[in-house]
Amino acid sequence: MALRNKAAQKWCKKMIRNENLIYYSLKDAVYKIHGRTDETQPAVPLFWNAGSIEVNVTGTELWIDIEVDFDLYEPWVGCDIDGALISRQMLHAGRYQLCLFRHMNESTTKNVRFFRETQAMSSDSGHHLLIHGFSSDGVFLPVPDKKYRLEFIGDSITSGEGTYGARQEMDWVPMFMSASRNYASMISDALNADYRLLSQGGWGVLCSWDNNPHNTLPSCYEKICGLLSGETNEKLGAQKAYNFHSYIPDAVIINLGTNDAGAFNEPAWHDPVTGDSFKQHRNPDGTYCPADLIRFQKAVYDFLALVRKNNPNSFIVWAYGMAGYDLALPIAEAVSSYRKQTKDLKASFLQLPAATYETSGSRNHPGVRSHEQSAKILIDYLKVLLEA
Amino acid sequence: MALRNKAAQKWCKKMIRNENLIYYSLKDAVYKIHGRTDETQPAVPLFWNAGSIEVNVTGTELWIDIEVDFDLYEPWVGCDIDGALISRQMLHAGRYQLCLFRHMNESTTKNVRFFRETQAMSSDSGHHLLIHGFSSDGVFLPVPDKKYRLEFIGDSITSGEGTYGARQEMDWVPMFMSASRNYASMISDALNADYRLLSQGGWGVLCSWDNNPHNTLPSCYEKICGLLSGETNEKLGAQKAYNFHSYIPDAVIINLGTNDAGAFNEPAWHDPVTGDSFKQHRNPDGTYCPADLIRFQKAVYDFLALVRKNNPNSFIVWAYGMAGYDLALPIAEAVSSYRKQTKDLKASFLQLPAATYETSGSRNHPGVRSHEQSAKILIDYLKVLLEA
Amino acid sequence: MALRNKAAQKWCKKMIRNENLIYYSLKDAVYKIHGRTDETQPAVPLFWNAGSIEVNVTGTELWIDIEVDFDLYEPWVGCDIDGALISRQMLHAGRYQLCLFRHMNESTTKNVRFFRETQAMSSDSGHHLLIHGFSSDGVFLPVPDKKYRLEFIGDSITSGEGTYGARQEMDWVPMFMSASRNYASMISDALNADYRLLSQGGWGVLCSWDNNPHNTLPSCYEKICGLLSGETNEKLGAQKAYNFHSYIPDAVIINLGTNDAGAFNEPAWHDPVTGDSFKQHRNPDGTYCPADLIRFQKAVYDFLALVRKNNPNSFIVWAYGMAGYDLALPIAEAVSSYRKQTKDLKASFLQLPAATYETSGSRNHPGVRSHEQSAKILIDYLKVLLEA
Amino acid sequence: MALRNKAAQKWCKKMIRNENLIYYSLKDAVYKIHGRTDETQPAVPLFWNAGSIEVNVTGTELWIDIEVDFDLYEPWVGCDIDGALISRQMLHAGRYQLCLFRHMNESTTKNVRFFRETQAMSSDSGHHLLIHGFSSDGVFLPVPDKKYRLEFIGDSITSGEGTYGARQEMDWVPMFMSASRNYASMISDALNADYRLLSQGGWGVLCSWDNNPHNTLPSCYEKICGLLSGETNEKLGAQKAYNFHSYIPDAVIINLGTNDAGAFNEPAWHDPVTGDSFKQHRNPDGTYCPADLIRFQKAVYDFLALVRKNNPNSFIVWAYGMAGYDLALPIAEAVSSYRKQTKDLKASFLQLPAATYETSGSRNHPGVRSHEQSAKILIDYLKVLLEA
């Protein structure tokens, strides 16, 4: 790694040196991690979209010491200062320090949140973003918890795909995904909530958009970041069991089903190793084959049960519709069936409005205006639940 | 400079190499520079806020080769792809390549605009941002001119001060300025116009906020970037006469007067070398001293004449008010007087609404909502002029 | 009736007389009726909310000859000219002419729509509003059909209850209902559609808010205005079978269920005559009794079948949620069940966002902002269906 | 007058009689008049646009006893209940009672404001609207003053011309004017202010749109409603001197100059009796003749002095621009000259944004969106003045 372990100031040769910068490894700093991760790691990985590290720090200057690598898809990050988005950028590979602010009033406390704008990358086992520490001339102060805790589980919509980029863009690249213009962040801001987010573009409840039954959020829900493969990710703790006691959400919002709907239109998936295949079918008249619909509904039911098992007191809201209504009724039925059979009245269904031409962003995905429209509905919905 | 001349790919050691990247110095690339600069330089400096380089390029990947330095205030940059803001970030010092996009469809043409988010830095002679070239596996295509050409001249408002950052921020740092959330860019987008922008926080028409009579936009209007000092900036061409034939604006928008108003409330400025001093005075009853007001109005008149001399056919709009109305009437009188005496009917005055608590941003400056409100009024105003 | 049969001009004694006014009974005029009615009546009744008469007329002046009576609840009316709302007023009892416009350019054609702002009044058998004719000095021209035809079926939401009046108003009076600020009119305007509307505050699918099983929209769907009682309404044709061939809607939007949900919280209804009673029950744990839920769902299913029988090719959208989500899942299940068993894929379910404090109007009902929010979602939804 | 003195209930023969209605002449009722009028009249005339009577009343029902006549232009009225617009309608000639509400909870207090939607009609001496009294079964309670008092002086913009009606409407009829969608009412609502309004379409400061030097607001500023002629209006007190002590505005907003600008484009006015003529001229090059501009500016100056003489402590804001900026600079100069020569710093100038195609209403006039845009700017502007 070319840039490993350089002192922050080395970057600015002619700059008037800030001789007061002190390096803090994570064990010496005070910070708060958002998003599932393995906090026992010496350098904490940010696995998921919106995964972030938050500090309250005085001083004139703050650098973050990160380590980045990838084979295919580079991570993007954003930085909020005092709750306002200040920067958003692509990260190059290497280990280096990034300056998050400088030249500020040394006595004021700055709230800084450095966050992933990129989903966990199941298709790039070389991809990771680690936080090693900070350099600052200030003092780190505790980061208090917000009023509520939320968890979002979703697909490309929840990965913010389409929230950046011009309408005509069709490339599947990290640049067009985000946490910063995402309904999940809008909701969390409005409700004064911390949040964790699990998402993967193309994945579903029963299977992925291309009928792969392994590519589902339920399959990785009980691990820290179970969809990541490879030796490095394993070492980083991605495959460890997630400790549900570490973060007890007031509400879990599941936004899944869009890719399960797409699977009915795609050819069968074939496992190149085992030869197994999988396919959701339509009848000749275009309707969904009942057996396939039933196994989808069972997957919805089972996922609700799985989320409930791990979150005994949380509201669970299945929110669906931003990219089309195809499976709205089957999901609603499954949620209703789950409620009836389990008497679990804290699970519910909420339909969201489908993005239109005007509210779409890049890659034919819901754009920022669609995220705002759905966020508004979910904010109002969650307020009723949380403030009851 | 620590990072000079590294090949783009060196940053990404483990990355699957893109062996097809070719380095283009500016003389080999096809591009368009926005903003006053010296295009005869081997590496083109971006001096002013919104100064930018724009390319139309095919290929999967594009890097920009830049050189950055500063003593006090680092430059920030933004990047639009196909007209949509994609990134915004602080630049470290050094010479290095930044990746602007990668992994895209090689056959589509991407319009890329890499621009300063930071004003020209009169108070940091070590500050510069140079463009050396690009690396790409694509082909550079011509960048057509837009329908109109605009020029904006202003102070901190036009430097976008306050358009980023939380309301409570009070530090004077580049991070809170921008071109991306600036009324000038909003207007140019809406009118399909190229634009150039000259601005300097704290400066005015007759004097600066602190009564310094040298810190005025008129004093540097005829040079490329006359407010920059130091040997390096001199070498970069900042002090060269500006060639007004190189860019003939359809309209020049002057947003000045806010700091001239402030000067009436500040102590006198003293020249540490010559011992000269300068001060705009108030009468005991709080009104402006007539003589001081008259010299301010003369400065407005003279600046209109100067702009007209160099732009014989442009509309000139003095737009004022976003940060308070104090000098609205004196400016209106001066514009009226100029029109009458010169019979120059293409000069006019437009009052803009003052930012309120709700529309203010950081540093008690007009925020993005104030910029939007004023942009709307100026867009409508300019449409009438330009489409007549 | 005190004011019967006065000539329009008699109202304006000193006024410069318009000697050119000619009286047109309906048989002599050219007009279009919107809303279910009995067009064989000599004076056409406007039974339902949004029921209206539309003309295209030249001339300087237009009066409408109406007959109004009521025992308890007076009708309110609105008038659009060229598509813009011009007036909204309470009607006094009597027969008289109302001036809709005067003093206009005689040669231009004015499109005039005179419409009820008040729902059909099931609780006031003395209530009616009849159109006898017009007085004008112009010529009546044909009124073309709009691009689409819609039918809306609903309760107080569709009666526009809450769309006028201050938030604190709690009186159940016609003044606070409307067609003019109603999601149904917003949708029809946006889609360029004619529309008919059937609505009754407090009524439901299986029973009313107070458990009366007779007060349901399905029970009167096949009559012109089957919820009206009394001899006068009978003579006016309210109880006649509705001719579904007279108006073939492209889509039927059903917004019902809100009162069925309320019934679970109210005491049993008792028939004072037969001694019968009816009640939807909750279990001790607060959930809905399964048997009662099932009969509600059967009512939803049966109503879909009834609407389908009479509208073989229309889209049917059950849109629900503006006043709370309580029965969203049971309705969704019933719609899904209906679709599966009948293979009727043109029936669907759409959840609408519940009104919040900010979007509520008078009488704790969805206000104009809630109607706008839901109209936007339904407009986008219907566009996809209708333009497919 | 055909309908004089009928009891309210006579209108509703079959209606269940409200036997509790009691008639209150104005001397027996408690009420508040808004707008200049002669309160010594037995029946109080509402002369000006937005002229209104406001009551706080309990009871189930309220009727207003009015007397209306006109030769050419009928009055329109609106009614707010508890601050929300409930009705808007054309008035027929005659004396009669109009029901403002009925069937409401008898114990709650309703705030009711019955107001003109029509400007004073200088061109129809037969036009008047008088308030005789009320019928109610409730009790009249005092109407408290609002926090501020405003006075608006203007032309057709302030008459609300264009705020109702479709864009294509070009007829000059009362129907398209309003107080209800007027910037003056929006401002007064937002600032919690009572307001009085003087306006006349086509009139100006020096002369009217057609160069008539008698048709100016200054000429009638010191009378109750000096622009009304005829014996009836004289008897009603229109020509009496206005008592400026009766209402001391915190701010006077003058929105005049639009018609003075138009006069430069119109032929001379000739007095048919005296043979005098008047004309504002342009030079051959299209600019305004200096002498004519100077007399316009003198008229602005003199009107400021006149308003100040009668309102010694009020802020005076000359707000101009909603229908074009032609005289913005001359007005600004005149205001500035007035401030300098009188040292009257409570007089100021505010430019408003010109209506565009999108924000225009009927009759090529600023529409409701333009009124909203300018109201926002004036609200913010006045807040700074009033809350200082």
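Quick notes
The first chain written gets the first letter, and so on, giving A, B, C and D; residue counts start at 1 in each chain.
Basically, contacts are C-beta pairs under 8 Å (C-beta built on N, C-alpha and C of every residue); 3 or more make two chains touch, one makes a residue touch a chain.
Every value quoted in this text rests on a predicted model; they were computed, and no experiment measured them.
Seen from the Cα centre of subunit A, the chain whose own Cα centre is farthest off is D. One finds 57 Å separating the Cα centroids of subunit A and subunit D. Our note on geometry: subunit A versus subunit C, Cα centroid distance of 46 Å, whole angstroms. Taking the mean of the C-alpha atoms as each chain's centre, subunit C and subunit D sit 36 Å apart. Residues of subunit A in contact with two or more other chains: none. Under the contact rule defined at the top, the touching pairs of chains are A-B, A-C, B-D, C-D.
Interface residues of subunit B facing subunit A in the complex, by the touch rule stated above, are 1-3, 10-16, 69-74, 76, 81-90, 92-94, 99, 101-105, 126, 164-166, 168-171, 173, 175, 362. Of all the residues in subunit B, the ones that touch subunit D in their complex are 285-287, 321, 325, 328-330, 332-333, 335-336, 339, 343, 345, 348-351, 353-354, 356, 376-377, 380-381, 383-384.
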